[in-house]
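First chain written, first letter: the chains are A, B, C and D, and each begins at residue 1.
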Amino acid sequence: MNTFGKLFTLTTFGESHGAAVGGIVDGMPAGITIDTDFIQRELVRRRPGQSHITTDRKEADQVELLSGVFEGKSTGAPIGFLVRNTNHHSKDYDSIRDIFRPSHADYTYYTKYGIRDYRGGGRSSARITLSRVVAGALAKLVLRQQGISIYAYTSQVGDIKLERDYHKYDLSIIESNPVRCPDPLKAIEMEALISQVKHEGDTIGGVISCVIKGCPVGLGEPEFGKLHAQLGAAMLSINAVKGFEYGEGFAGSAWRGSQQNDTFLPTNDSMHHPICNVETNHSGGIQGGISNGEDIYFRVAFKPVATLLMEQQTVTMEGEAITMDVHGRHDPCVLPRAVPIVEAMAAMTILDALLISKTNRL
Amino acid sequence: MNTFGKLFTLTTFGESHGAAVGGIVDGMPAGITIDTDFIQRELVRRRPGQSHITTDRKEADQVELLSGVFEGKSTGAPIGFLVRNTNHHSKDYDSIRDIFRPSHADYTYYTKYGIRDYRGGGRSSARITLSRVVAGALAKLVLRQQGISIYAYTSQVGDIKLERDYHKYDLSIIESNPVRCPDPLKAIEMEALISQVKHEGDTIGGVISCVIKGCPVGLGEPEFGKLHAQLGAAMLSINAVKGFEYGEGFAGSAWRGSQQNDTFLPTNDSMHHPICNVETNHSGGIQGGISNGEDIYFRVAFKPVATLLMEQQTVTMEGEAITMDVHGRHDPCVLPRAVPIVEAMAAMTILDALLISKTNRL
Amino acid sequence: MNTFGKLFTLTTFGESHGAAVGGIVDGMPAGITIDTDFIQRELVRRRPGQSHITTDRKEADQVELLSGVFEGKSTGAPIGFLVRNTNHHSKDYDSIRDIFRPSHADYTYYTKYGIRDYRGGGRSSARITLSRVVAGALAKLVLRQQGISIYAYTSQVGDIKLERDYHKYDLSIIESNPVRCPDPLKAIEMEALISQVKHEGDTIGGVISCVIKGCPVGLGEPEFGKLHAQLGAAMLSINAVKGFEYGEGFAGSAWRGSQQNDTFLPTNDSMHHPICNVETNHSGGIQGGISNGEDIYFRVAFKPVATLLMEQQTVTMEGEAITMDVHGRHDPCVLPRAVPIVEAMAAMTILDALLISKTNRL
Amino acid sequence: MNTFGKLFTLTTFGESHGAAVGGIVDGMPAGITIDTDFIQRELVRRRPGQSHITTDRKEADQVELLSGVFEGKSTGAPIGFLVRNTNHHSKDYDSIRDIFRPSHADYTYYTKYGIRDYRGGGRSSARITLSRVVAGALAKLVLRQQGISIYAYTSQVGDIKLERDYHKYDLSIIESNPVRCPDPLKAIEMEALISQVKHEGDTIGGVISCVIKGCPVGLGEPEFGKLHAQLGAAMLSINAVKGFEYGEGFAGSAWRGSQQNDTFLPTNDSMHHPICNVETNHSGGIQGGISNGEDIYFRVAFKPVATLLMEQQTVTMEGEAITMDVHGRHDPCVLPRAVPIVEAMAAMTILDALLISKTNRL
């Protein structure tokens, strides 16, 4: 259950404070030029300590590719990779080793497995999403060659929200601010809110939006491999995610069919749209679970991080009430660092669907 | 890709207007008493034509279990089952055989497979969800024996919404009104809205909420088999679903961690909560992807049905603009009939997780 | 665990004396012409009662395709199918309902599942291989279009053996004798031996050989999806199979490398062998787990059928010693009827590998 | 396709001359004491250079466990592991970089992937079986706790064969000779033959036998997860394996049913055999694909290694005939080093089946 995907797969290992985190990518098509600088740059986007609004934990997060690449190209063999954990202060966790932190996975893991890995969340730590970024970067290298590109961005922090429609923004400027928001003014507001929350020892949630451009018609497999179901499963597997919607999503539930239906028009670009275009794209680029050649867009809800730098009531492993008070490092808001993770999961999902779609007809 | 689940699996077949729809359930634990009346009653809850606010299509929807049951008990062998399609007026579809209906799967299926099954949506029809209800009923029979119960209900139709908190409702009265809503007054409003929409030849979306009670601690498998990711994938695979959220969901994205964290308290029921309880349940019964013994609750967004009884612009298979005008039968709102489908998918997901959890320790 | 394959999959259901046996084929490429007569003819090759050396059980074995085919072509949707059991004399089994037949699955099934389906072996009956023949026939229809053909034949019955090398026989004459052996003289000997064994109420084993011609280079996926490992798993899943070998197999274990290595020569047919040929084919058409464009050949060992028409000692479900004496119908030798099953499993395996190989490069 | 197993899984990576080989074990039950010395000792059994009859390649083969173990016990998280390649003389392979070695995977890999990793076989090298030994050692730690033990041994080298029946040997003395054969006299003969073959620059094949003791009744899942089919697939995935048989295997094909059937007797040990014993065990401990509580035994055929230290004819990547002459290191016979690999694959298969069997009944 630590494997994602069917033909392009990622299997991961590692804990927050173990020796290393890493994984194996299987099903990488052969002959793809592997740009290791690109992979490392993607990791830098996820790395802790990249700005004043992320955790102060410092990690080099230098990835080593161990196999599957020869003379700069993928060989079709599995790609093993590894990032050593360098900053693992297990001692920092002595104070919490016998207690269950509220809204963390301490209690559920302990009850499920009978083992308590108290070092920073162990396997449930968001640090292990690092492997997803590596695999996602590999998938992006393939997709780029196919003309498919993926843009995620922070669209909400607390109650500061962007307008919904991604068309109105220049998605190429996302990296120009630390919250990764395409609206420079909203970005400043969001940054200020996160700073304030951090100062209070508290945390805040938000929403990441994502757009996928350039998908051909035909990705996604009925009945249970619908493209949006695969995307949803991918996103919901990211730590702290509480919701997923695509197209008009929850808001569209209040609409009438006559408002939401997308009228087909004769094609204006027979390269990408062999027979027809849609006038509107309320469907979010997916109809009947299969991509229709339009932009795919969706939104992912993140809850506020559970680690607070303030007193909280909880219980010990023996079931006794206790007051805990955490000091140290924490992320007041995961959204900025989660943007590359959302992109990575989307890239893997799309590549997997693309490979499967090659087998629909001979 | 027509298989759901890992240990308890459902594989389905069938089209809206083919000979039959059905499936195979594999992994059914042996020795379970198979209550065929219960299975049939679940199908009746999904059946078309059950009230004035559903489609007029008439189907007996009589299920035949073909294997895997002997002398009234499951044997551990796969359970094959079948429902004959009796009301398949293929001729009804002559008028649409060469056109792509807006926001249907006609265009994507045709482009993906190179084949047009124009008979009522073919494989993309919601009729094939029937197989899920059968498999879900089998899963419910197992879960019931384990003390786990599942309650779905219509919580929104158009802009008529229930209060969010399921605690305030008596979920046992859902079947007393045709919309399957636990608030009798809101139910009347919803019913009136659906009637009006039907009269206009239009359709309307909504939201179904679901609560799962009695789950033990420990269901769900990190990293990619998180319980809510499995539930989300299950729900998003249902026709017309556009969004999934659990716990505080999208709304909780605007909260602070100090508001959303669930404080642990010493146990008040060591049977179901071996070590501790939560004071609040903003987490929705799942922490770190693993059930924590509290109620699991989530919400599923449905778009309005794409079939409208009014004129729409579209294109033909040759890419030419055309005006289409559909007459006949349609569901103005799928929510009432989708309630048992949501329950079925939840039941299968929980049973699958329960079986896997048996292998976490020896 | 009742599913075979990864992209082209068969999931089966049914028991010897239940209502029906059948299955679902998923991953059938779209656009293939479905020759239902061919499918039925393949079933006839497996049918009981086809000659004096098979069981006298009479079954029409008429298959009904329930979905996935429209206007004579596969649509890409799953193909559900069904064969009704017409000759199920459950009463015949009253005498054995409380005893474990020697070398049958009665005891293991009962201990595993806690349920005794005493009707003719239930799920463990060879009758359920019928579904494999249907799925294999579908796979053959695809392979034929790709220029791939499969020939199985009886090469040993008891101690009557053919020479090993398939080149020396005309494989097109297999259907001309009831044992399905390409050597007409040996066929007569085999038939006589089976008749004699039948007369004694005993049974006899044998070996089926199989050759696959026309495979392109590149089928099979390292490390665990090696083509011969997939073929082996497929064959070993057939009832009564006790061994599998390919190329020079067990006999080649005694050879030296200098005898067994296949020398490469410059290509003599650049269509099927892009770069080179082999001088000999001791490898059996597979090198490093991947097809090399040469004929693939392998052998499958079948034990004698466990049902004897003679007295045997055994125990009851309560563990008491008892003498059982079976009367009625039985197959003295499964080889003739198993030939189409071996072909079917080979066809499914090759098609699955062919589909996966489409995704090795983009 | 580089993943083995369903619940207890191994995913591998690495090439003969890349940076490292390793893998990820997922599904390890929590709470198992991890004896790292034992794992290392198993690797030493597979290590090159261990005696005068194996290759002279020297590798430390020191394994590093990177995750999934905390305070000496498995946590239920995936166990990532790594062995660095220290002795990778890529230059040694300059002479073969443009040619296809006979009966190696050079040609099939190149044609399949379009990439030539000429360094010692790359992904197709037997060096990658190292990961299987690590995973197998982990599985053995679990099985040992369940009272299940596995014994493989060399039973044939060239035409020097042991008697078939494992009962006649003391399997605890296998490690006392370099061929890992329980018959000390035959071991000396085998060793002499391998030495002679090595001296000639040639290679030789053989057979490994394996016995599994202590399995409970009920392992193996019909229809396609039969225990022997899983064992067969596991064994056939090992480099150089050409055949698999269990119970009486190919030889039993010549028998009559009345000879081969195993008579049931009232139990003589209700702990391991709840209801009955078998008088003989021709079935090889598996009936209907399910373990029956008796010893499981099977045989695995290995072809001679393809690397010869003598002149051979072959072709270049451009398809031109060439004479190749390899110097350096090679294994004249893989059998001695393959014994721990056979055990490892058996251990993983049995543990996987054991975990699945926990879900047959609730």
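Everything below uses one rule, namely that contacts are C-beta pairs under 8 Å (C-beta built on N, C-alpha and C of every residue); 3 or more make two chains touch, one makes a residue touch a chain.
In this text the structure is predicted, and so the values were computed from the model without any measurement.
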| item | value |
| --- | --- |
| More contacts between chains, B-D or A-D | A-D |
| Chain located farthest away, centre of chain A as origin (C-alpha) | C |
| Distance from the mean Cα position of chain D to that of chain B, given in whole angstrom | 45 |
| For chain A paired with chain B, centre-to-centre distance based on mean C-alpha positions, whole Å | 26 |
| Inter-centroid spacing, chain D versus chain A (mean Cα positions, whole Å) | 39 |
| Multi-chain contact residues (two or more partners), chain A | 1-3, 12, 27, 30-31, 76-77, 109, 112-114, 123, 222, 356, 360-361 |
| Interfacial residue positions of chain C with respect to chain A in the complex | 7, 27, 29-32, 76-77, 142, 145-146, 222, 355-356, 358-362 |
| Of all residues in chain D, those that touch chain C in their complex | 1-4, 12, 100, 102-105, 107-109, 111-114, 123-124, 128, 156, 158-159, 197, 202-207, 217-218, 220-226, 228-230, 232-233, 236-237, 242-250, 252-267, 274-276, 282-284, 287-292, 299, 301-308, 310, 312-315, 317-321, 356-357, 360-361 |
| Residues of chain A defined as touching chain D within the complex | 1-3, 9, 11-15, 18-24, 26-27, 30-31, 64-68, 70, 73-80, 82, 109, 112-115, 117, 119, 122-123 |
